[in-house]
Each structure stands twice: as structure tokens, then as C-alpha cells.
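Let me begin by handing over the structure; questions about it come next.
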């Protein structure tokens, strides 16, 4: 028995995220891990709690002009613009690879209309090798003048209900942090059928190039991610986890096991690593190892004992 | 003529913030500069565009239990809880000192009811040596279950109207970033009589101590400030400055002249340095010097030419 | 008047495992620094870590313009400090805070330090000795290898007593176990104490019982170090109630009798 | 297969003002690295700066296991790199990206580099020479003091031509002014180019006019360097339209004819 297997035997790292059985709570966040393949040199893909693939849309999307990214203090802005080859290419080219690698796959889906979400869901529902869907509601609602679905409880619930109707797969809803009352949105989407929530998506930000005196990003605004946003993400997880019944996936600025543990203590059942993958492509597996070791050292037999342990 | 005066003669740094004449756009942010006295060893107080004093309330406030602060990646959380000696002590002990130092003083005011804001304003309106008021609307509204005034356009406007009725001093309204639509709040408070806006106040965040498995801050939640939040602050300044007629004071993560310039290019007429003062107590005066030098080097005669220059 | 100084590192030496002495050439600060005051060090020059780290003045050679701090490696900032080499510079703000009061006619003083709480007491011992006081120091630690400042103190002619939790050196037990006999036997004018807050609380209690006046040096997370952020609040007695004072500004030294200890 | 390696700094030397050569012992990466590939360096170990910085492999000694990069100090990351000393370690990810294609039977190749755009061309020149090709390098810079790689190239027996914007060395003008006569006089099999995008656009144009095939190495802000973040997109032709490719993954080397240049 390898050393790692011994550790695994001693402690339980398995969690259940709204019907998705995860071997451990450590997943990788949408848009930061490609389709897994990009990381095969650095990570044993089958070992991850789950791989959440790049946001997938019905049709291919070219994405935004460049520059698309810029570093900020302990963070980064991105305005990739949901570049992706569309759901058909995903199913034909990427899903078989992930299946073969025995990865637990969660597909992040995005659309500009409720109809698009519904059709996308129906297509993915029929595929083998998908453990669940993550619904990105931080997308502009073209029928409502481009306002994001995720900024209003009713619109958010509308998307989720449409997804729910079209699949029996577990549905995770990914919330936007750019709202006044994240708990209200959380409640609305849970009522509409979400099995789990993931939070947070990126904060809306920008940077200006003082040389050219123009916004750095071609898109002007971008999404702020990385350690800079961790305090905001943690706060939202803590607030929401106490108010809803469904499990939470914590995302935002996790770059080591201590960060991951903070989210679990705040009430997250699982965590997702985003920007951290860019700093160290092997970080996700490292965090699994480190959390396991922590449990062993602390004599904690089951990681689930720590979920929400910081609640007062 | 000293070297500095020569520079000043060459370029104009004066700006007008909604009726407050500032010798230069660089102010220091409420809650980070005490009552000026704390910095007299490091900064020529009269030279600052303005000193915005610690949030002042009608009655003294003891503030929150400790720990009140914790460092975060490129930022910090604080939950000081508006500790202040109350407006009477401010007027008797601190204002005379600031007058004597010939500082341009802006008083940041806070309350738990509209009535409190109104009475506080009426008291301050009668004092000499106050250049303007900055209304902190990120305070819990005790009449509405503790929801912050600043998270709803109507409630925010209610506070501002009450302040406006009780003073002829210029009124700056300081907006909370923890909202879905900052432009809507901005419009509402401008309509209610704000002469200028300052944005942003802190983002709501938290941290968890993995040793004790409890929130680090005694207050659980705290306000995130520092370079980490700069991209969010800059985005909000850019969004709001294009939509309202009144001048904007940009606040959030400024630690050098390049940061300050980014805010000015985004549309800020003045900037405010907060957390940066903790890193380097002389930072505010340094930024004035550096901005002046930048203008000279670039051959820009008037800093006002740069306000909003990044708008596309 | 405190100032920001670019201090050159003269020495950065691990003296016992996990504890280092850092000697800095900072003449402007050294000239002014008094026992009990502290300096606020900017670690690194990037935005992470962001805030300065506070350290007591452990020793001070005014003539050379050198101040020394004694620090324990506990986290990221002190971890980075431990990597610094001679000749590098550090951005240092100080001296900060209210020093220990040294009443003119001190004859016999006792210092009680637990762990890294010895840091502010060594310079205090030096100045007390210079002023002709007879100094007894009671130094406590968990174990013999973590006893700090003994050589410095002995070099000054201080009478040193030791307690360790595990009995590996000196009296087995806590500093309070060593203190009680001292207070019974001798007649001190003043007691100074620094260490974990529960320890300081017990020492303050004992001092009170023996009618001895004294001071403690407190700690709290700090952002500014100069009284502006109101982060470093600590409770002090105010009649039956309490109020908050800023440790960096109104402290870190407080009279034992005024502090509401967090225990 | 690319990997993360803790590389030891062998040399970090300013060769002309503002430009340094950094030699790293990174045997795992050196063994695999091909001309045109790059490495992604983590500068510092804190969260600021956060992202890795990409640099072309400037030279590679596979036997020793040493790779060299040539970098220009332009901002915070490269500024911090310039402070690094021999013996320190750097966290390096590589080799990354698609290398220059080196067709088997290359006889005569011409390299065109502008400014720090020389970085990927020196190792390419070395490998081309080793394979027996006759290599001409046209090296451009604003002024004589910023000409890079000349000694390395001459040492390999490369025919070197120089242009400077200010005429302080070689032909006065831009590399394209030096290139046109070369293309008229000689018959090259292949052209490689790296430099500012407007320059590459003009070179690609000229190569096209002369019917010469070639490749360019592009740059774009990067986060991951491995094709995952989609940050480093660049336009390539797709029929009458364009599509985005990832520079880090499908590039940084592209055929001159497929790139839509940003000019």
C-alpha cells in the first residue's frame, strides 16, 4: 500500500456536493483549467475532486480582443469573454478525453437567453461522463438589455428553473459577487431547484494604463480573481452557507491548503481553485495532499467535521 | 523660491471638489489619518488637498472588541466600528488643532438614523474651519433592521436630503461598493443634493483563523481596503464619473502616484489615500510631489486636463 | 519625534532555534528610543505582506546608532525577516509608543518576562542598571532552549532567576511560581512584566496582592502603529466599566492596575 | 513534457544597461527546450507579483543543464529579477510553447531581430549552425548600446548585420531597410523574425513579396503559459475572417503568413 493510500485509509476526504460524489473537496474552477488536458503533465486528473471545465455555450464564441488579462495587486483581471468552441466540439473532442482519464467532470454552462441555457442543458443531459452542471449566471441577459442574470433573484431563478427542467444531473449554481444581497439570490436559486451553489465568480474591476492613458483591457472591464478577493469570497460563503440548506462550493483566491480550510470552516463542502492554477499548475493536487496530512496530524477522521466549524 | 514652489508655479494642481477648493487632488481618507495630529511628524498637514477626519457621530462610540484588524493579500480587513469621541469632543479638541495647522478639513459623518445625520450636520454647519462634509452612508440603518443606508437608492437619498437641508457646506457622499448598481445609488444621492461623491468605501469581507477555527475579527465581518480592492474602486469611479455631473473623489488601494493617476484618468477630480498611510506615513505628501513632477515632465500645465482622459 | 529610516542590517542571527536577534543601524531612531518603545518594520518592498510588523526595542546602542530587536519566527513576515542578510536595508518607522516609566529613585526592580515577552525587558534592564537600580529578572519559558536574554542580563549584573514549564532549567513551573517567593523575601519598588496575557494577568494580580506598583507591555494586531487606524485597541478600566485605548499610542506600556486583561 | 523546476541561478549579469542575462541550472527543462520555446518564471515567493513572467530561451547548454534568458528590465517583475544573486533559486515552469520549425534541409537562413526580440533568435542561430545552415542575422536596435546578442552570434560564425535607428552603428534605419538589400542579393530558404509587432508585420510583408517562407515569435500578456486561461490570444487568419489562437500553446511561433498583425 503506497504512503498516500495509507493516508487515505486513515481519513475520509469524500464529500457530496448536492448529489455529486467527490473523492475529496478540491476541485478546479471553470476557465482556469481548460479541459484538463492542459494540466495532465502536472496533475493526476482522476485524483481531483472534480474538474469544472471552461464555460461552455451553445455556439462557439471567439472571445474578446486582447489584452485580455492584467495582473493586479495579489490578483488579476480577465476579460476572456467566454471564448469556447461550443458544446458540440466540447462533447466530441474534450469530453471523451476526460472520460478516458476518469476525471469527475462538471460542465460550466453559459448563455445569453433562458432558452440557450435550456437547450444547452438538454444536450449535455444526454452525455455520459458528466457528473453535474455548474450554471454561470454572471452572463449578460440580452433580452434584458445586457443586465446580468445573476444580479436579480427573479432572473437568476428563471435560468435555474429552465436548467432544472431539462436535466436530472445535479445542478450547481455559480453566484456573482457583484450584488447587494447575495443571500437573496442564493435563496431564489435554491428555491428554483439548485442542488448546490458555488461562490464566488469574479468581482468586476478595471485597470488603466498610465502610459497610453487608456483602459488596459480591450473590454475595459474585467473580472478580478486571485488572493485579493479571498476575504470577499469567504464572507459570502459564510453568509450564504448559514442561510441555505444546499451545500456550497467555495471559490476565490485559494492558493494553499490553509485557504481551502478557511472556506471549509466558513461552511463550504467543497472548494475550487482558479487563479492558483496559473501560479503553480500542480497546486490542486498539492492541496489535496496537504489537507489529508492536516487531517491526519490533527486526528480528524472525516473532513466533513470541519464544514462550517467557524460558525458562531 | 524653493524648488517645490517653482514646480508649483509651473503647473496647476488645484481642483474644485463640488465647491471645496483643494490645493491639489490628494486627500487622506477617513479613518486612516486620525485627526491629522498622528501624522504631523511625517506630513505637512497644510499641504494636503484635504484631511478627511475619522467618521464622527453625535455621541461617543466605543467601537468593536478586538481583534479589529487583520492583514489579507495586498489588503487588510478592519472592524474598528466607528470608534470616535463624538462630535462635541471633535469640535473642542481636534478641530482647533486642524484650524491652527491650516489644514483643509472635511468631516466624515455617520449615524444610525436620518435624524442623527441631520442633527450632526446642523452642529458642524456652525463651526469654523470645516471645508465640507463627507457623508458615510455605509452605516446600519437601525430603523430598517440594520440594513445599510448606502445599499438602497431611496434610503441613501433620504440621508443626503436631510444633510443637505441642514448645511450650506459642500456635501460629499461616500458610496458603498457592496451594491449591485452603484450608478443608481450615485444618481439618487446627486438628485438629493450631493455636491460630490467619494467612492469607494470598503468591501465587506472576512478571514478565518485556522488555528482557533473561528473568524479572526471579533466582529466576524470587516471592511476590506488596500491595493487588493483598487481594480474594483477604479471600475466604480469610471462607471459613475461618466454618468453623473458632480465631481468624484477616488478612493481604494492608492499607494503611489501611478495609482492616483489611474483614478484621475478614470474620471476622479480628487483622490484619497487610506490604507497607504499605514504602510508609509509620509505617502500622501510624496504622492503630491510625484504627481507634480509627472505634470512637469509630461509638459501638462493643468492636472484637470487628465480628469477622465481614459474615457473611450 | 519618530521617523522613517532606511536601516542597514548589521546582524541577523539565530540565537536559539526559531528566535533571531536583528541589529539595525538606524541612528535617528536609536538616538530617541526608550525602553518599552517599539519599531514598525516594513518587510519586503512589494504589496504582500502589506502592513508593517511591530517589534520592541530589545537593545539600543545610542553611540553606534544601532538598535537590536529579538524576534520569534511565527508567520510570513518574520519568516521573510529571518532570510535577510547583513548589508540589506529595511524600512523602519520609530521609535513608537509610550516607554516604561522609570521613576527617578528606583532602588530595586523586578522584571518578569515570559517567552519572547523578554524582548522589551532587556533594554529596560540595561537602563535601570545604568541608573543604579538593583535589578532582578525572572525569566520564564516552556523549556530551557527557549529561555531568552539570559546572557545579556547576566552581562549587566542583573540577578537572573529562571522558570521552565518542563523543569528543564530553573524552577519547574510558571513565572508566577518563581515570583511569589521573591515578593515574599524582598522589598521591590517596581515590577515590569511582559509575556502572554494570562501570565501578565496573574503577575498583575500578585503584584496587587503584595502592594507593588508595576507596568506591563501589551500586544495587539496593528496596522499603523501611530494611533491613526484604531486597530490596536485594548480595554482599560474606566470606573466600573471599561474603555478602549490604542496600544501603539497610549501604550504599549500600561500600569498593571489599569488594564482589563483578556484571559 | 514540461515541468516545474527549482532552478539555481548561475549568473545574473547586466550586459548592456537595462538588459541582463540570467543563466539557470534547470537540467530537466534544458534537456527538452528547443529554440522558440519559453519558460515561465515565478518572481519572488509572495502573492505580489502574483503571475509568472514568460521569457524566451536565449541559449541552452543541454550538457551542463543550463538555460539562459536575456531580459529587459521593464517593470516590477523584471526589476526584482535584476536584484537576484547567484545561488538563489527560482521556480521555473517550462519548456513551453511551440518551437521554431527547423526544416531538415535548411541551407541559408536569415534571422531578423529588433531590440529584445533577439532573445529567441540566438539559440535558434546556434541550432541552425549546428545543423550546418549558413546563418545571416540582421540585428536592429534604437541605438548602438542596445544592440543585443552580437557577440554570441559572431562566436557561432553567423554573418551579422546591424541597423540602428539613430545610425550610431551599422546601417541607419530600421531592420527592414537592412533586409531589402539582403533579400535582393541572396537566396534564403527561410526567415525568422522577432521584435515589435509593427516591425514583424513589415518583415512578413517583405518576405511575402520575395516569396520567402518564415516564422515570427509573438508576445501577449500571459497568466498560465500552458493554454488554460485563454488570456494570451492573438488573431490568425481564417479565410477572409480571423480567429483567436493561444500564443503560449499554439505559439509563440507562428508562420508569418497566418498572423494578423496588430499594427
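Per-chain residue numbering starts at 1, and chain names A, B, C and D are given in the order in which the chains are listed.
The criterion applied here is as follows: contacts are C-beta pairs under 8 Å (C-beta built on N, C-alpha and C of every residue); 3 or more make two chains touch, one makes a residue touch a chain.
Only a predicted model underlies this, so the values are computations on that prediction, with no experimental measurement involved.
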Among the chains, which has its CA centre at the largest distance from subunit D's?
C
Just the number, please: Cα centre separation of subunit B and subunit C in whole Å.
36
Subunit C to subunit D: how many Å between their CA centres?
55
Where subunit A touches two or more other chains at once, by residue number
73-75, 226-227
Scan subunit D for residues touching two or more other chains and write them down.
47-49
Touch graph across the chains, line, ring, star, complete or other?
complete
Of all residues in subunit A, which touch subunit C in the complex?
73-74, 227
Please output the residues of subunit B touching subunit C within their complex, sorted ascending.
31-34, 38-39, 41-42, 54, 62-63, 66-71, 73-76, 78, 80, 83, 226-227, 255, 275, 277-282
In the complex of these two chains, what residues of subunit C are touching subunit B?
1-4, 42, 47-52, 91, 93, 220-234, 243-244, 249
Complex contacts: residues of subunit A adjacent to subunit B
72-75, 77, 151-152, 178-181, 203-208, 210, 213-215, 220-222, 224, 226-232, 234-235, 238, 253, 258, 261-262, 265-266, 306, 309-310, 312
Give the list of subunit D residues in touch with subunit C in this complex.
44, 46-49, 76, 80
